[in-house]
């Protein structure tokens, strides 16, 4: 992931054929809010709410900042750090995913990026670079409670894996406190929407994929969320073997035979994102795992051409 | 806030070593068998990456084993041990 | 517990977001422009394994055995598998008689054909060719709380032998799935219809006395075992087995040579084995994952009430490359003879200087000259080559060399084993 800008871009609102679109940049991606309503004042208010909430969450949990709670935790040198209920809820969710994925989803595994640089080249790290990092990885080594977290010295946590989906759900929840109008919140491809007032109206979501993939070109959504996990642009290639950027924190190496992308539809963005991420970590078992979870999904695999 | 949701704990904690079998010659064998069950050997669920590989299945290569079992059953006086061979033939 | 996982995730999500999903229970997503109607992968697939075995003892038995197996595991963890085998045997096998300095003549089991064995050669009976077909089914149920039940059956038929087996099993996981207790029982019923009827045990070959047109036997097997994960890269199994066979355990085609004072064959007696056999096995196996490769070693000890004791040591090393593997294999086997095994029987005159008579009182109640019940040492050395083609399809070749040796010439045997295997998803 390229280094995020310190401040999100400007907020723009434009009138569409039906409703309004607000656009801004946050969390290192293009964000938009689609609103199916006529009230211009309301549109501006909602845009402001979403913009602020996205910025707030980014500010609080981004690992690129040096002045937020995450930075404090990651530089705590083994001392306990007090946390608020929202952070505790996110840590508890990360813990649940860690258990559910048998340890393959681990928010302490970000350190592996020091060994793995996914620039499309054939430069793989040596085991000697990976092994010392593995000692500083492992969610089971972290002590945490509803009020504090103690991270062993040398370890770090990164909530990037669930932060964006959480922001989407929080934004939509805030909007729905103000209006029942149909809106769709899209933060860089992870999106959620609420129900259209007229049954025959649906949201049309365009999906970017390679031409020969089996993904549909567009999805119709009535209500609910969509999240995608993928490696289309971030990989290494060596000896005819593609190393996806989905790293298995238990081994320090990429998950074998990870799909190119997994897209999941679910009632909430957090749920969709969790299913997509956990499915990627299953490697070649992605589809059967999603099948067992009863998810609605689309999985894109590598073709022999890559 | 609801409490943390984790996978249900195992319903069968090992209370003691399984007692078994009769026979003088079997006593030593029984003790060896009991040993792994009593000590806390094993791995956490997230450490099963290698063990999950098909090549690590303890009864893998089933076609080879089946062929071999049949050959050695008809050429030698011994059979069985690892599992049931699944049926008779007139070769011994 | 896949359903639990789904609920757990939904609950975890609800807990994070503070309430149940406010905006709609169902997503009702619908795809436009789907190029492929089944974008979701089919998990209802069968794993097919096909193989062909070629077994060749120089100058003795040759066997060709095609095998076809299919298995499927459902999402709830239950599993069904089938297997069909065809076994075609040609060639000659030792008829029990010992090697003599003079030519020996025997008639085939049906009494019609006869064969002569040159002096100094192992008497081999090549008068029958046989084809066997077998089919088996195995089912294991939905695992519940780490508990799985299983059952299966097998039928096998050849010209002179038919067999029906049923088995049942139970396994229980403990200790975060690190320990598994396995229990199994199987019962086999065989119907034996020897060609030319079963001979009267211990009767003279020259008399050709018949006992019955059909015989039978029952074999019951019990097994208890433990599979234990030792560490991240090692797993072991330890089994104890008990087997009891009762009924007709004799080989109806095998004889024992009766030698005169000068060592020349005077006649032959049809062999007779006990009508029951109890055996006990102890088995241990360990499989260990190195950096890339896998090593497997196993040992089996067998002891039965026929006096046979055997040791089997098996060793595999899997040298793993990216898309293929090479697996050398070594096997060592040693057995001690059955109490009633004799190379041949000697006869003494009833009275000094008198005629040679076979006195039934001096004969053992059970006797067999089948070299497979003698002291035996065998070695197997082989290598397997397997390669992964597209989509978890595997092609493999196995070449092994089997060598057997004992105290007598019939027990010295060489065989070549060649096997091709092909497995794929369907």
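A few points about this structure:
Each chain carries a letter (A, B and C) given by its place in the written order, and its residues are counted from 1.
Quick note on the criterion: a residue touches a chain if its C-beta (ideal position, glycine included) is under 8 Å from a C-beta of that chain, and two chains touch if they have at least 3 such contacts.
Note that the structure is a prediction, hence the values are computed from the model and not measured.
The touch graph of the protein chains shown is complete. Of all chains, A has its CA centroid at the greatest distance from the CA centroid of chain B.
Distance from each chain's C-alpha mean to the overall C-alpha mean is smallest for B.
Centre-to-centre, using mean CA coordinates, chain B is 18 Å away from chain C.
Note: centroid distance chain A to chain C, computed from Cα atoms, is 53 Å. Chain A and chain B have Cα centroids lying 41 Å from one another. Residues of chain B found to touch two or more other chains are 1, 5, 7, 44-45, 47-49.
Each of the following residues of chain C touches two or more other chains: 8, 12, 15. Within chain A, the positions touching two or more other chains are listed as 89, 92, 96, 100. Note for the complex: chain C touches chain A at residues 2, 5-6, 8-10, 12-13, 15-18, 21-36, 39-41, 43, 75, 322, 392. If you check the complex, the residues on chain B that touch chain C are 1-2, 5, 7-8, 10-12, 14, 18, 20-21, 23, 25-26, 29-30, 32-33, 36-37, 41-45, 47-51, 53, 55-56, 58, 62-64, 66-67, 70-72, 75-78, 80-84, 86-90, 92.
By the touch criterion stated above, chain B contacts chain A in their complex at residues 1, 4-7, 44-49.
Taken in their complex, chain A has these residues touching chain C: 89-90, 92-93, 96-97, 100, 166, 169-170, 172-173, 176, 192-195, 202, 204, 214-226, 239, 241, 265-268, 270-271, 274-275, 284, 287-288, 290-294, 296-299.
Of all residues in chain C, only 1, 4, 8, 11-12, 15, 49, 51, 53, 55, 65, 67, 69, 83, 87, 130, 132, 134, 136, 138, 145-146, 152, 154-156, 158, 160-161, 163, 165, 167, 172, 174-179, 181, 184, 186, 188, 190, 192, 219, 221, 223-224, 226-233, 235-241, 243, 279-285, 287, 289, 294, 298, 300, 302-303, 308, 310, 312, 318, 320, 325, 333, 335, 338, 372-373, 376, 378, 384, 398, 402, 404, 413, 415, 417, 419, 421, 423 touch chain B in the complex they form.
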